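One structure is given here, and the rest of the page talks about it.
By written order: A, B, C, D, E and F. Residues from 1 in each chain.
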Amino acid sequence: MGLTAASELKLLAGTANLPLANEIAAQLGAKLTTVEVKKFSDGEYNVLIGESVRGKDVFVIQPTSAPVNDNFMELALLIDAARRASAHRVIAVIPYYGYARQDRLIGRSPISAALVASIIENAGADAVVCVDLHSSGIEGFFRVPIDDLSAIWMFAEHFKKKLGKELKNAVIVSPDVGGVKRARNLARLLDVPLTVLDKRRPEPNASEIIHVIGEVSGKTCIIADDMVDTASTLLPAVKSLHAKGAKQVFACASHAVFSGKAFENIAASGVKELIVTNSILLRPGAPKNVTQVSLAPLLSEAIIRIHENRSVSELFFKRNSQGQKTL
Amino acid sequence: MGLTAASELKLLAGTANLPLANEIAAQLGAKLTTVEVKKFSDGEYNVLIGESVRGKDVFVIQPTSAPVNDNFMELALLIDAARRASAHRVIAVIPYYGYARQDRLIGRSPISAALVASIIENAGADAVVCVDLHSSGIEGFFRVPIDDLSAIWMFAEHFKKKLGKELKNAVIVSPDVGGVKRARNLARLLDVPLTVLDKRRPEPNASEIIHVIGEVSGKTCIIADDMVDTASTLLPAVKSLHAKGAKQVFACASHAVFSGKAFENIAASGVKELIVTNSILLRPGAPKNVTQVSLAPLLSEAIIRIHENRSVSELFFKRNSQGQKTL
Amino acid sequence: MGLTAASELKLLAGTANLPLANEIAAQLGAKLTTVEVKKFSDGEYNVLIGESVRGKDVFVIQPTSAPVNDNFMELALLIDAARRASAHRVIAVIPYYGYARQDRLIGRSPISAALVASIIENAGADAVVCVDLHSSGIEGFFRVPIDDLSAIWMFAEHFKKKLGKELKNAVIVSPDVGGVKRARNLARLLDVPLTVLDKRRPEPNASEIIHVIGEVSGKTCIIADDMVDTASTLLPAVKSLHAKGAKQVFACASHAVFSGKAFENIAASGVKELIVTNSILLRPGAPKNVTQVSLAPLLSEAIIRIHENRSVSELFFKRNSQGQKTL
Amino acid sequence: MGLTAASELKLLAGTANLPLANEIAAQLGAKLTTVEVKKFSDGEYNVLIGESVRGKDVFVIQPTSAPVNDNFMELALLIDAARRASAHRVIAVIPYYGYARQDRLIGRSPISAALVASIIENAGADAVVCVDLHSSGIEGFFRVPIDDLSAIWMFAEHFKKKLGKELKNAVIVSPDVGGVKRARNLARLLDVPLTVLDKRRPEPNASEIIHVIGEVSGKTCIIADDMVDTASTLLPAVKSLHAKGAKQVFACASHAVFSGKAFENIAASGVKELIVTNSILLRPGAPKNVTQVSLAPLLSEAIIRIHENRSVSELFFKRNSQGQKTL
Amino acid sequence: MGLTAASELKLLAGTANLPLANEIAAQLGAKLTTVEVKKFSDGEYNVLIGESVRGKDVFVIQPTSAPVNDNFMELALLIDAARRASAHRVIAVIPYYGYARQDRLIGRSPISAALVASIIENAGADAVVCVDLHSSGIEGFFRVPIDDLSAIWMFAEHFKKKLGKELKNAVIVSPDVGGVKRARNLARLLDVPLTVLDKRRPEPNASEIIHVIGEVSGKTCIIADDMVDTASTLLPAVKSLHAKGAKQVFACASHAVFSGKAFENIAASGVKELIVTNSILLRPGAPKNVTQVSLAPLLSEAIIRIHENRSVSELFFKRNSQGQKTL
Amino acid sequence: MGLTAASELKLLAGTANLPLANEIAAQLGAKLTTVEVKKFSDGEYNVLIGESVRGKDVFVIQPTSAPVNDNFMELALLIDAARRASAHRVIAVIPYYGYARQDRLIGRSPISAALVASIIENAGADAVVCVDLHSSGIEGFFRVPIDDLSAIWMFAEHFKKKLGKELKNAVIVSPDVGGVKRARNLARLLDVPLTVLDKRRPEPNASEIIHVIGEVSGKTCIIADDMVDTASTLLPAVKSLHAKGAKQVFACASHAVFSGKAFENIAASGVKELIVTNSILLRPGAPKNVTQVSLAPLLSEAIIRIHENRSVSELFFKRNSQGQKTL
């Protein structure tokens, strides 16, 4: 898989997740291109690409995780610099796409995920690589080609090994109505039933009650979500499942946002294991039941295929008889 | 509500749903602007606006229902003509948005809903009005302001009157995992539980089986969807609910696409009543259990508010404590 | 001329004229790329490219003949799909360009030919190949490079062989004042005189009278046009020429639109032969005096030259001393 | 017709045709807005608008006649300045549109008329007003609204008065095949026959011969063209007509480019009268048989109607039964 | 100056400098429009405009001071929200423009100030108001109208009052070669001489030496700069002037960035007084010799003039005989 | 350095400076691509590229020197032609960039340098090469990559050789406050002090007085500027320096605009030598103390590096410890 000497691929990494970028480089047998990113005392970034990228395929690796505005601006500046330095193509590799949840109008709101897409494109990205986008609508916010990879196969593989025969007793749980499709995909992959949690506030100021739609009693539950932010959804979800007689509760989520009291909430939830990817750099102190799998093999394979103009989709998707991407 | 003599509002209607356009005009006490649309024998449209629209607010009313490509091109040509005729603003009023279901990549597909949005915008639309868009991502496919109105209050009102006390025994059913959010909104409005149907194909060539997630036995079921196309989803859904002991099954859907064998399927399904809007012109021969409510009051109110620069959202939405649009 | 194994050329065909596309592919020793185009019962197209086109030169072959709006939308969706699938370049090959006659403002009309150009460009076409565009202004409606090929040499060759010495007794006839330039080009190629038909309506509701400007008595007349649509121009043109003493009347036109009563009109006109190209798929039942010549050699040669970055113009044009394209 | 005190119309004039701009201002009872245009010794223009145009309708009056590149750049700079000074709308009034004849590809040429259109639009023009554009395709080169006015009614009126009963013996002559449509329009307006001149070069280095298609012997000929540049087309045209027995030859052309040896050629041609407009400032020394009619009434009426959002087309066009603009 | 009830002006403030926004509102007799800006624990902003802005002139007041990336993203989101909420015009009022110093290529760098401009414009700003832009090139980075106001008159006024007759003994000092133009403008306004400091590093690793170009001995020096960031330029500048015999040293700067050790450096510098504006919210603890003047009168006057389409420039600039903005 | 046979580089030259273009071609061992540029008698250019440039790297060499509007339009037309002829990349090589001094708003002015940039980009330039741009802001007016080369090393080399030991007694003089940065760069390169001239008009109608800021008595002065236009700045500058006791005065400037009375002024100024480049074609009659150095080696090296995707910056710049381009 490694790169030949004649290769024109350049890997640029922002500062948001250097360990992941280094892992990708190692997979590709390549070195990260020298980039100086200084942050001045007034908060402005100063970005400088240290080697010629003229005529090269430049992949800029930067998840827009917290601090999201800083990381996002750094990404945009790197893209601008690469374009102005005459890169052949600039491909933004954004393992975690910040602001993805603001993907539609809620009253007089911005559509932040669309604004972010247009900024990335205007800065000069010729293509985009993402992982498990919160919302499939974001693909259409871009005009340039986008590859939305998925960690779902890794999670399926993980639970097959982990649960063995107990898998037959398992059920996939969508923690809210917005994520049912995502949960259904994992349920299909593992060929197990689906359950949905529906939060309702009985009266304006009363606290939310969680309705469990479907059967979980005596079951091994696997909550499937795309991200765990403060874990304030995960905590009551696990508790509700236990209250309804669940045997044990696992969880998986592509993006470990882990902001605010996430660590406390995960620890307090009683979830047996929470498996996540390294799209976002894990800050120290994570509970022991958090397991991380690396996106580096997936991303490096996508990068080399894009660079060599080979199919990306054939690796990751099969298509069912309705012509839809399946697992 | 009617227009004053000094008003600069112009209503242009394509040929896709003239009865609805006329109803809107009647609500506004206005006349439709003269438009000649000829279709030549080779299928090309010839469009001509018959009155000056210079400096006017031009609302072009045209659902892009079947024949979708014809109706869509007619819409684009009308917008182009209005822009070139120096309209002040051109607002596309699209009660039914064709190609809305093609809202994301499925392998090497187009994102047709995004292409359509960019064509409407490039033709010259300064704003867009829609009803119950299949996908909220479409809002972000537009750069211009968009108002996505909803028929959900009408449906809630309808079932409150219809069911009376039986409402307490009702359950809202999402006919598939993709529409759970939409069904949940109606469930919240009516304060009743939610149930989800999950289709699965046990083996590659076996036929699909419908899993009912949640309880429906002895219940009055209301299937909530955004559109009924061939009714090939509705038919087995109703049958599954009856098989699981449902007392009776109602259904509501904003858009009556009713293509192919829709009429036969609706009749055969055993649904007690299917309530739809007139976003799409109903072709003759609809089963008797199909009820139509008119969007004209909603659309005419939105049009006059847009024309007069008064808030559209305040009429139609309340916001809950999470800042989200609610019913 | 055939393609080498290493070639990165991909031929995609829409459904408007598959025989022509297959002929082009055969000329190039290539296969058409697998494309699935489904038309749903509500008229929406569902387009899927079956092979990777990443980094490839993708030629999308689709005349926008009748049903023009369907064929046009299919073309736009194919281009969008190819662009989003990371094609290197997308070249729209449009042997017949629908809406070409709506190329300027007629009162408060759209400029449909310009709208169509901007849609093709916005969908993602990097270049365009056409044949005998109705209006040269369309070249300027595009910002991307466009090659407007011509069938005129084939027609000239045809009549040279057909008429032999009688060519000296021939005259080229422009069937209306809008097409004089086109007719003049053929007249120059064959070195024969030019005649113009001028239609006039003597009074508002009287029927049109055709004035023959120039001499046709005893002559072999060749009517030269770019397209024959309903043939309602051709019929009276031939009759007028005969009335003025023409010996015999031939006709040539690049595009055989043949809509409405075209077949009846051609048969009734008394034209000895009407020669057309296969830019548009001929529907069955054409009169026997219609002769078709294939554009496949011309288009396949242009495609391979574009793909290999070799001059297209040098093949097809000579330049006269005024620097204009000549025959 | 004059402007009220509260009016927000601003007339800016470039230096290309100040007398016409002043005449327009006089018609409107307005003053030209102060504009300083300096030309430095290195040829750079320095443009400064002397009054606030914030929120105003700014009409920039400037034909792009010779020196075309200077006048064109001055126009673009004025538009840029008005846009940056926060004009409400900037309308480019371009009585003569330079580079209009370069409206299509001739080998590896630019499409200069399209480039010029895109520059005007990018500089910030919100609308354009022209007179007798050489090519109707130019309308489609603009995305912003364009009004292409015509002097043809003035010419028709002129010849009706001038010729009286002799009009029945008149024939309109198109001086080349490219201008037949234009000539036909005047022929229809005056209800007289049409004749076409067709230039041919019998052999590569031989001189051109003019074929007169149609009958002119004993006729009063009126050559109709859109512009007279060097008059090297007019001269042999008039001579050919006289050689074919024409009784007398008149000519009309909207734009008096009159470059090179125009004056000598007009004088030598034997044309009885050449009527033109003042779209271009007439340099001194024009032959006596050149008559000028003023565009100021037409342009000032168009300007006031645009400013007040009243129909422009209703004044100048009637539509025939085929829906085409007629005279 | 206050607003009438019928006014359609809306003032939106981001969170970067609410006191300034409130002061502007007070000057205008208006209230700030309700805006909710939440910052989630992962750093994402959630923005919601609380009142209808449909058809209104919306001024978004937000300096992009530290934390620059947060404040900048908040600004972009507010503009996006206002545009999507159908504002008539969105005017970005940016009293301090972050990233202004990154205004050109330094090796393979971005041009951050241009990227920022394009983001603001793409988000939907129709016009921009700034104060003492670091670089005049930034005006040209915008395509939309921009008004770059200046605090220089306030500073001139301040020193006239402060120094009285001593003004005749004063000299303006540019602290580096990049700011000479700015210093010259103040020198002209006060009619006093100009001095320039030129920093040089005699050898690669030696510390910089400051050359004082011009005479300062016995003089009252006024250092004129556009911003004071860490004051690491100010400190040695004051010291050098004192070393060269300056009688006393004052300083003025429009933007009080005051990051890092700014307070310590100002205190240690020995500058008698540093006068700044409130473009940036002053954090507590500023040295006592820092004086702040308010931009509220200047900005509120500009806002009301823009809203009412009255000249902005006439208030703030005079023009000299060379047509240049002068003081 | 010469080109290999397989090379796809094409050099197109406009007519503004053919000797320089030929010199560049000679350096590259290449021939200029055949281009026909005719100027019609009405001033319109007619441009035709004589060879296929399909898929080629096309470098269009044209300084936009006087007559600036003609030369600029010729450049834009050449770029448009190359883009429409399917060039792979079009790189505008503009050794002298006209309108560069109009780089910011001066009252209600255009920003001509930005307008010019947007026209070049819209015409189709994919990259730009310039020399010693008057204003670094212009880099940001372009969105495409730009390389701003410099003649400063050549000037430094020249004066090192010329002055020898006298260099220690030299001082660099900025002729006005706007050019101090440029002068400082040369001062650093030569390691000599800096002096600034500050023009002031003591009273509105009085003549300007030049203040010499810094010490020049007994010194060898080198005035450093980017261009000499009419030399009306140079003349008094040299005189002032002599009046202040300068030993001798040299001058250097990248661009020899030399308009108006430049030759007389240079001759009258008493400058010992004025060294310039050949970015602009020198008209005959230049004073003998004008020395020209050729940009051909610099430009040809940049062209070949751009063509071969090798670093341009590494050749021409070193970076100092502050990360800034140095000499």
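For this structure, a couple of remarks:
The criterion applied here is as follows: contacts are C-beta pairs under 8 Å (C-beta built on N, C-alpha and C of every residue); 3 or more make two chains touch, one makes a residue touch a chain.
As the structure is a computational prediction, the values presented were derived from the model and not from experiment.
The set of chains in contact with chain B as well as chain F comprises A, C, D, E. With rounding to the nearest 5, the Cα superposition of chain B on chain D corresponds to a rotation angle of 120 degrees. More than half of the contact pairs at D-E come back, by residue number, in B-D, the repeat among A-B, B-D or D-F. Our note on geometry: chain C versus chain E, Cα centroid distance of 61 Å, whole angstroms.
If each chain is reduced to the centroid of its CA atoms, chain C and chain D end up 32 Å from each other.
The centroid of the Cα atoms in chain A and the matching centroid in chain E are 40 Å apart. Between chain A and chain C the centroid-to-centroid distance comes to 50 Å (mean Cα coordinates, whole Å).
The set of chain A residues touching two or more other chains comprises 46, 48, 52, 84-85, 105-108, 111, 118, 146, 313, 323.
You'll find the chains touch as A-B, A-C, A-E, A-F, B-C, B-D, B-E, C-D, C-F, D-E, D-F, E-F. Contact residues of chain C toward chain D in the complex are 103-108, 111, 113-114, 118, 135-141, 143, 146, 148, 177-178, 180-181, 184, 187-188, 193-196, 198, 200-201, 204, 211, 213-214, 313, 317, 319-321, 323-325. Those residues of chain A whose C-beta lies close enough to touch chain C in the complex are 127, 145-146, 305-306, 309-314, 323.
On chain C, the positions that touch chain A within their shared complex are 8, 36, 46, 48, 52, 54-56, 83-86, 88. Against chain E, in their complex, chain A makes its touches with residues 40-50, 52-53, 65-70, 72-73, 76-78, 80-81, 84-85, 98-99, 101-102, 105-112, 115, 118-119, 122-123, 229-230, 257, 259-260.
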